[in-house]
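Order as written gives the chain letters A, B, C and D; numbering starts at 1 within each chain.
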Amino acid sequence: MKDAIVIGGSRGIGKAIAEALKSLDMEVIQTSKNQLDTSNLDSVKKFATLHNKTDILILNTGGPPPKEFFSITEDDWLKYHNQLFLGFCILLKNIKINDGGYVFLISSNVIKEPNSKLIISGAYRSAFSSVLKVLSKDFAKKNISCINIAPGPINTDRTKELIENVDEFQKTLPMGRLGEPEEIGNFVKSIVQNNIKYLSGVVINFDGANSNYVF
Amino acid sequence: MKDAIVIGGSRGIGKAIAEALKSLDMEVIQTSKNQLDTSNLDSVKKFATLHNKTDILILNTGGPPPKEFFSITEDDWLKYHNQLFLGFCILLKNIKINDGGYVFLISSNVIKEPNSKLIISGAYRSAFSSVLKVLSKDFAKKNISCINIAPGPINTDRTKELIENVDEFQKTLPMGRLGEPEEIGNFVKSIVQNNIKYLSGVVINFDGANSNYVF
Amino acid sequence: MKDAIVIGGSRGIGKAIAEALKSLDMEVIQTSKNQLDTSNLDSVKKFATLHNKTDILILNTGGPPPKEFFSITEDDWLKYHNQLFLGFCILLKNIKINDGGYVFLISSNVIKEPNSKLIISGAYRSAFSSVLKVLSKDFAKKNISCINIAPGPINTDRTKELIENVDEFQKTLPMGRLGEPEEIGNFVKSIVQNNIKYLSGVVINFDGANSNYVF
Amino acid sequence: MKDAIVIGGSRGIGKAIAEALKSLDMEVIQTSKNQLDTSNLDSVKKFATLHNKTDILILNTGGPPPKEFFSITEDDWLKYHNQLFLGFCILLKNIKINDGGYVFLISSNVIKEPNSKLIISGAYRSAFSSVLKVLSKDFAKKNISCINIAPGPINTDRTKELIENVDEFQKTLPMGRLGEPEEIGNFVKSIVQNNIKYLSGVVINFDGANSNYVF
């Protein structure tokens, strides 16, 4: 493993993953929204032309502001269809993952438990999780592992926007705290560092025992 | 229950549901692709203007021709995003479901077990399943039940297109046969006829014991 | 369909199913705990000797009183292993289901979302759900359908024991009410009445849109 | 992290985990079936008296020989209920997990996709997965993480017993090979080594992209 591309790598979970991979002496391209806006397909295509292969691709992007179903406009759907789904498809189609590499998707626990505020996110992240599952079987032939990490409540700017009183909210969580972006960063790093390859085609909840479904 | 709208009601499962509901003396609008093409949002909006309320809405539409991920074009994604996802969102936003009514989604077992040939279908049907789940909680307040039926191999023209040798294929199935569209039609009818309302927010596999996952 | 056996048929959901099937002019054996105690394997075996075939078998039984993990005794585990799991296995092994028949399991939504109070119930009902899934494939060859109904909060004595303030609790539910046992009874009846056979190997949440997981 | 107990640690996956943890300079007690037979509750209780606390507990045990449902005896059920379920419950009840520790369960992909040969294993491993999920919420308060790893086809003696022609079988797998026990060992090690704690209450398929369900 020599190089990695981290989409949405300028802050939050993406940044933490980028930092963790850099500690392995990897060359890491970490994009901010200015450099690569996944809601803009031209931006996506241009990026994929400039960076057309990698060992590790981290697909990570923020979600839309909370909106109830009946106030979501057609433009909202189309924008986030690009940002959360189609942009990632184009990246995967155009960036060659080197043999033995990794694709990590940072999705969200809303792919299993959607909610009324994050309905767009739940929908399109589910959709892309389905795509990645299928691709994991193709990629397996080239020893490329596809790992879908579905974070629960993590200590990011995003969470602070979504949750009114974070201190109170933390008390309701099984661990009494939000997860730290660095925990996900270290998890990704530990998989790469130990060259764990048979972990593929999997959705991994990363939520501090917060979700209620077993399977 | 007096009237129903069956999208994709001119053949296959949609037609069988429409016929079953008509046997309950309901007034049924069943659309063919000529009358309502869910891949065309103008067509969808026009339809929703003409038919802006109903007791029962059946969301049903065919899927795309089989295509592997790396040959799917941006236009393919956009077309089927309309057909399998956005068109349904617009219908739900614009057609009022009368209190005590029903929304049935005819999705597919690919929402749980996607496959490389039906990757588009798996993605967008998962996405809409997520949306309907969220909406089921809102609709519950008005005693409207949302039921997602996920058919496995059913005896439709579609299946004949997808499966090369249907006779051989049937022998591999637990029941030794495809499901009949009428079985789904009768299932929908039986729910409506018996006014079963507490069945809501649920995905029901309808696949003759073919799938392998328990939950 | 001429006859049915309803285990735990003297009250609650079991009774409602028994009544619904009787309305189809079926001969229904409905057992109370006095007649058949599924926690007592001798009782189970004796019953299965006397009633060794049927068209429809309804596997239904109450759960244990709420207990946290660290206060559950070995005897508790063993008793409810019999009641919720092994007794049902013995019934299925010894009662012949006639060709074209049905097996309905009334499990619980705790098979997907267990909780600390109902940990025994969650465990053994999950286990039996797994068994029934496997058997559904064998039974399919004889056109016998296996349907696992997983009720959420239903208006039974059991629920009143578990929930302190039922009136307050109901207000928190999406439909603003508990489900009625008759709704499940009618659902079972409607499947049998319409001879819906391709619905098999399935878990059907019956919870008024209360659960949060999509799939 | 100073010490670990690995149940079933004398061969296969258990041994690989024990070796991996030892490479972290941990003191590891790894039990063979002679030392601790989880199908024998006396053996389990005696062990838990001698070893009544640990930082890391690895719950791992072999499964029963393949048997179809109708040939499983009551004694089979009771034996493997002990081995795969009740023995683990007794261990968890009697061995104190130190604050900040870990419980790893090595279950199997049959908890999601049971099959007719491994019906006992599917049932009781599902049941214990349900228990561990519930406990993960309690343990979270003490910063103890509970992680359920559900292996697919791994290169163990067990797999060689179950699969007739392993070479042919490997060709059917997405990665063209079985997983190695060391991969799971390294995975467990990497989590412990990096002190990843927010990963808890989760089932992680470890199957080389072999399973078909997304979620």
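Just so we're on the same page, a residue touches a chain if its C-beta (ideal position, glycine included) is under 8 Å from a C-beta of that chain, and two chains touch if they have at least 3 such contacts.
In this text, all values refer to a predicted model and were calculated from it rather than measured experimentally.
Within the contact network of the assembly, the step distance from chain C to chain D comes to 1. When the C-beta pairs in contact are tallied for B-C and for B-D, the bigger tally goes to B-C. As for how the two copies chain A and chain D face one another, over half of their interface residue numbers coincide.
Averaged C-alpha coordinates put the centre of chain B at 28 Å from the centre of chain C. With each centre defined as the average position of its C-alpha atoms, the distance from chain B to chain D rounds to 40 Å. Shared interface positions of chain A, i.e. residues touching 2 or more other chains, are given as 111-112, 114-115, 122, 126, 129-130, 133, 137, 214-215.
A complete topology is adopted by the chain contact network, contact being made between every pair of chains.
Residues 111-112, 129-130, 133, 136-137, 139-141, 143, 145-146, 173-176, 179-180, 183-184, 186-187, 189-191, 193-211, 214-215 of chain D are the ones that touch chain A when the two sit in their complex.
For chain B in complex with chain A, the touching residues are 41, 69-70, 72, 74, 77-78, 81, 85-86, 89-90, 92-93, 110-111, 114-116, 119, 122-124, 126-131, 133-135, 137-138, 214-215. Those residues of chain D whose C-beta lies close enough to touch chain B in the complex are 112-115, 122, 126, 212-215.
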